[in-house]
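Got some structures for you, see below.
Consider the two complexes below, in which subunit A is the common component and subunit B and subunit C are the respective partners.
== the complex of A and B ==
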C-alpha cells in the first residue's frame, strides 16, 4: 500500500481517541499512582500520557499474553474431552501511543511465532490489532534504538504513526490498510499536512549491530560471558520486561475434573529452564544462560528468523536489579 | 476455527508392557479414526505425550512406521508426567502431539551394513529405526545390534531381544555391566565400548547408529573411529528439554540448531560442529 501523510490537530486527536474508545478496546499509556507508566484499556483521554519514555512493561502482552489458555479439558478416567479456545472471540484492539521500538517488536515476535508453523494464538491477536504509534520526542540514557537499526520515528510495526509538532498538533503517517481504514472512518478529523518539521529526540548510536552479530560467530567459548554475567542473579526480569522475548512454558492446571493447559512467559535466565529430568542441565551455569540470551537475540534470530531479537527499548537494563547494561555489553562485544 | 497446534490427539492405551521395574511401553491407538488415517511419521521423529492435568513430556515414537494403526512409546518413571503416565491403565487416555523433528535417513542407507549400538533406556529411540530397517530387511545388508544395560533386569524389550537373537538375518550382542548378570545370563558381561571392540564389526560400507548415556557415547566413539567409521557415517539423537516441539518455546536449541526442528537425529559430523550445549 502507498503510504500517505496527514495532519491531525490536538483537539481532533482527542476526538479520534474518544470515538475509537467508545466503540472498541483501546490500550493506551497512563502514569500510574506510583509514577510508573503502564498501558490500560480505555482510560479517559485526560489520563493518557504523551510524555512517557518507556512503560515499565512492554506491550507484547497484546499479542502474546503473560498467561494464555491453549485449550480446556475435562478428564474422566477413560472419557477425556478437549475444548478449543475460540480465537474468533479475540476482540479488535487499538494500541495507542506505543513507541516505535515496541511496535517494531511485533515484527520480531512474528518472526518466531510464524516461523515454520504458524501459531494461531499469536497470529489471530495480531490480525485484530491496530497500532497507532507515537514517535519519541523524549529519551534517556537507556535508549539505544539507533544501534539496532531503528529510530525515534521508525514506522515498522505501526499502522498509523503520530509524530509531534512544535505547536502540539501531530503529523500522522498512514502506513497500512488497517491504518487507512481508521483514517477513512474518521476522515473529518484529518487535514492535509503543512510540511512542518516534527519534534524528535536524538538517540546516540552505541554499537553497530551487524558488527556484534558477526563477532558472536565464534565467540561461544569467549571469557566475556563469565566476566559479564558474574552479578546476574537469574531473576528473569529482563525477559519479562522485554518486548521481543518470546520463550514460554506450558503447564496444566486442574480443579476437580476440569482444567486448562496454558502457556506463560518464561526466561532463559532461569536455572531450571533447560534442566533435564535426569538432573543434567545443558546450560548449568548463569554465564551459559546469559550467553544464550545475547546469542539468541543477536546471532541465532538473525540467522534463523531473519530478524534481530532486540529493538533497543532499554527496559532490560533499566529494570535490572543488579544494573547489568545490555547496550554497554554489546558495545564491548563488538570489540572483543 | 483454524488448527490449534498445541492440541493433542486423544489416544487410548491398548496395551502396557512392563519392560523393567520402572520402564513401561504403551501401545496407543487414536480414538478418532479420521485422525488415525491422516497420521503418518518416519523413523526418528518424536512427540509430546501428555497426561491431562500433569503436562507433557517428550519422547520418540518407539514403534516403526511400517506397523500401522498404532504408535508405541517407552518411558522411565522419572518426573511428574512420566509418574502420571505410569499410573495409567489399559483403556485410559493419553494425549499425543506430533510427529515432530527430522528422521533417520534410511533411504540413504540402502545397500549398506547397519550397526546399532544402544545403552539402557536409549534403545527405545532406536527401536523405531531398527524395526523399520528389519521390516525392509531386503534393502539392507548385515544388521548388527549391540545393546547393553546395567543389569539383566534393566534390559528393555526382552521379548524382542529374544526374537532378534533367534533370527538368522540379525546379529544381536547383548551385554550387562559387570555385576549385573544373573546365573543364567547367556550374553556378554562388560561395558558396551569393550564389547563392541571385541566384536569388531567392519566399518566397510557400514553405518553406525549410536544412542546411550553420555558416558557410553564418550567411550564408544573412539572404538568406532578405531574400527574405521567416519564421522559422517555415525548417527545419534540428541535430547534436550522441550515444551512446544516446533521451534518456538526457546529451550532445546544447541547454539543456533533446534533439536526439535533440525534434530533429533544428527550425524556425528554435525554434532562436532555444535557448541557443547546438550
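== the complex of A and C ==
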C-alpha cells in the first residue's frame, strides 16, 4: 500500500479517541496511582498519557497474553472430550499511543510465532490488532532504539504513526490498509499537512548491532559471560517485561473432571528452564542463561528468523533488580 | 569509604580472600553489586545511600562461591542474613569475612561472628521506619479492606519471581512453585494463583525474614510484597519475642516446638 501523511489537530485527536473507544476496545497508556505507566482498556481521554517514556510492562500481552488457554477438556470414565477455544471470540483491539520500539517488537514476535507453523492464537490476535503508534519526544539513558536499527519515529509495526508537532497538533502517517480504513471512517478528523515540524527526541547510538552479531559468532566460551553475569539473580523480570521475549510454558490444570491446557510466559533466566527429566541441565549456571538471553536476541534470531530479538526499549535494564544493563553489555561485546 | 577500599585491597593483595562482594556505580548512576577479584579494581567500590541491595543473596550462588573465599560488604540486614544462613547451615562462618558498614557508611571492625552478634544485638531490629508506618496504615483497615488492598496489588503480579530470587533466605534449589506433581501453586499468573504464591512465600519466611525489604525493591511492577513478610516478622516477635538473624544457633520459630509455647492462635 502507498503510505500517506495527514494532520490531525489536538481536538480532533480527542474525538478520534472517543469515537474509537465508544465502539471498540482501545488499549492506551495511563499513569497509575503508584506512578507506574500501564496500559489499560478504554481509559477516559483525560487519563491517557502522551508524556511517558516506557510503560513498566510492554504491550506484547495483546498478541501473546501472559496466560492463553489452548483448549478445555473434560475427563469421562474412559475417554476425554476436548473443546477448542473459539478464536473468533478474540475481540478487535486498537493499541493506542505505544512507542515505535514496542510496535516494531510485534514483527520480532511474528518472526517466532509465524516462523514455520503459524501459531493460530498469536496470528488471530495480530489480525484483530490495529496499532496507532506514537513517536517519542522523550527518552532516557535506558533507550537504545538507534543501536538496533530503529529510531524514535520508526514506523515498523504501526498501522498509523502519530508524531507530535511543535504547536501541539499531530502528524499522522497512514501506513497500512488497517490504518487507512480507520482514517477513512473518520475522514472528517484528518486534514492536509501544515508543514509544522515534528518534535522528536534524540537517542545516541551505543553500539553497532551487526558488529555485535558477528562478534557473538565464536564467543560462546568467552570468559565475558561469567564475569558479566555474576550479579544476575536469575529471575524472570527481564523476559517478562521484554516486548520480544516469546518463551512459554505449557501446563494442564484440572479441577475435578474438568480442566484446561494453557500456556504462560516463561524465561530462559530461570534455573529450571532447560532442566531435562534425566536431571541433566545443559544451562546449569546463571552465566549460561545470561549468554542464552543475549545470543538468542543478537545471534540466533538474526541467523534463523531474519530479525533481531531486541528493539532497544531498555525495559529489561530499567526493570532489573540488580542493574544488568543490556546496552552496556552489548557495547562491551562489540569490542571483545 | 576510603577505609573500605584500603581494606578490600589489603585482603585481596594478601590473598586472604579471592573476591570482595560490594557495590559499584553502573552507567546510569544506579548502585549495583560488584565482584572484585583484582586489587587494582578495588577503587571501583562505593558505599553510599544508593547501596541498598541485600548482598547476602550471593553467598549461596554457585558461580560466586566458585570464585573462592569472599569478603562481603555488610549492612545490618546483610549481617542478619549471614546469621540466618549460618544457623540454617547454608554457609560456614569461617569462609566469609564481614566488611561491616554502619548506617553512616563507616567501616566497622567485625573480627568474627561473636563481634557481629554483639553488633546485631545492640541494633534496632524492628522493621525499617518507613515500612513500619505503611504497616500501621494497613493494619488500620478492616479485614475486608485489607483483603481488597492485597487483591488489587497481587493482581499485578506477573510471577517473575524476582522477589524470591532477590531474597537471601529464598535459597531453595527447587521452590515449591516449581513442584508440579502434585502442583501446589498454579503456574499461571492470575489473582487467585498470585495470592497463593504470596501466602506461601510469606509463610516460608515467617520467623526467617530479616526485614531488609529486598523482595519489594526487586519487584518490577512495584508490589510492596515485603510488607507481608515484615508483618509476619512483627507477629513472630509478638508471640515469641525473637528476631530472626540474631544468633548463629537460632532454631526456626515455626519448626520448633517448646512445651511452654503460647498456643493462643490455635483455634
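The working rule: the second predicted complex is superposed on the first by the 335 of 336 C-alpha atoms of A that agree within 3 Å, B and C clash if a C-alpha of one lies under 4 Å from a C-alpha of the other, contacts with A are read in each partner's own complex, and residues count from 1 in each chain.
Just so it is clear, a contact is a pair of C-beta atoms (placed from the backbone, for glycine too) under 8 Å apart; a residue touches a chain by one contact, two chains touch by 3 or more.
Keep in mind it's a predicted model, so treat the numbers as computed, not measured.
In the superposed model, B is the one of subunit B and subunit C that contacts more residues of subunit A.
Using the contact criterion defined above for the overlaid structures, shared-chain residue A:325 touches subunit C, although it does not reach subunit B. Contacts of A:119 after superposition on the shared chain: subunit B is touched, whereas subunit C is not. Of the two partner chains placed by superposition, A:202 touches none, neither subunit B nor subunit C. When the shared chain is aligned, no partner comes close enough to touch A:181: not subunit B, not subunit C. Contacts of A:57 after superposition: subunit C is touched, whereas subunit B is not reached.
Once the two complexes are laid over each other on the shared chain, residue contacts for A:234 go to subunit C alone; subunit B is not touched. Once the two complexes are overlaid on the shared chain, A:11 sits clear of subunit B and of subunit C alike.
Judged by the touch definition given at the top, the superposed model places A:248 against subunit B, while subunit C stays out of reach. When the two complexes are overlaid on their common chain A, residue A:82 makes contact with subunit B while staying clear of subunit C.
Of the residues of subunit A, those at positions 249, 251 touch subunit B in one of the two structures and subunit C in the other. Taken in their complex, subunit A has these residues touching subunit B: 70-71, 73, 75, 77-80, 82, 84-88, 112-113, 115-121, 124, 220-221, 246-252, 254, 259, 261, 263, 266, 268, 273-278, 280, 282-283, 288, 292, 295-296, 299-300, 303-304. Put simply, subunit A touches subunit C in their complex at residues 34, 36, 56-57, 66-67, 141-142, 226, 229-231, 233-237, 239-241, 249, 251, 253, 262, 264-265, 267, 270-272, 285-287, 319, 321-323, 325, 328.
Every residue of subunit B that touches subunit A in the complex is listed here, in rising order: 1-8, 10, 12, 50, 52-56, 78-79, 82, 91-93, 95, 214, 239-241, 243-244, 246-256, 258, 261, 275, 277-278. Those residues of subunit C that touch subunit A in the shared complex are 26-28, 30-35, 53, 57-58, 61-64, 67, 158-162, 164-166, 173-174, 178, 180, 183, 186-190, 217-218, 220-222.
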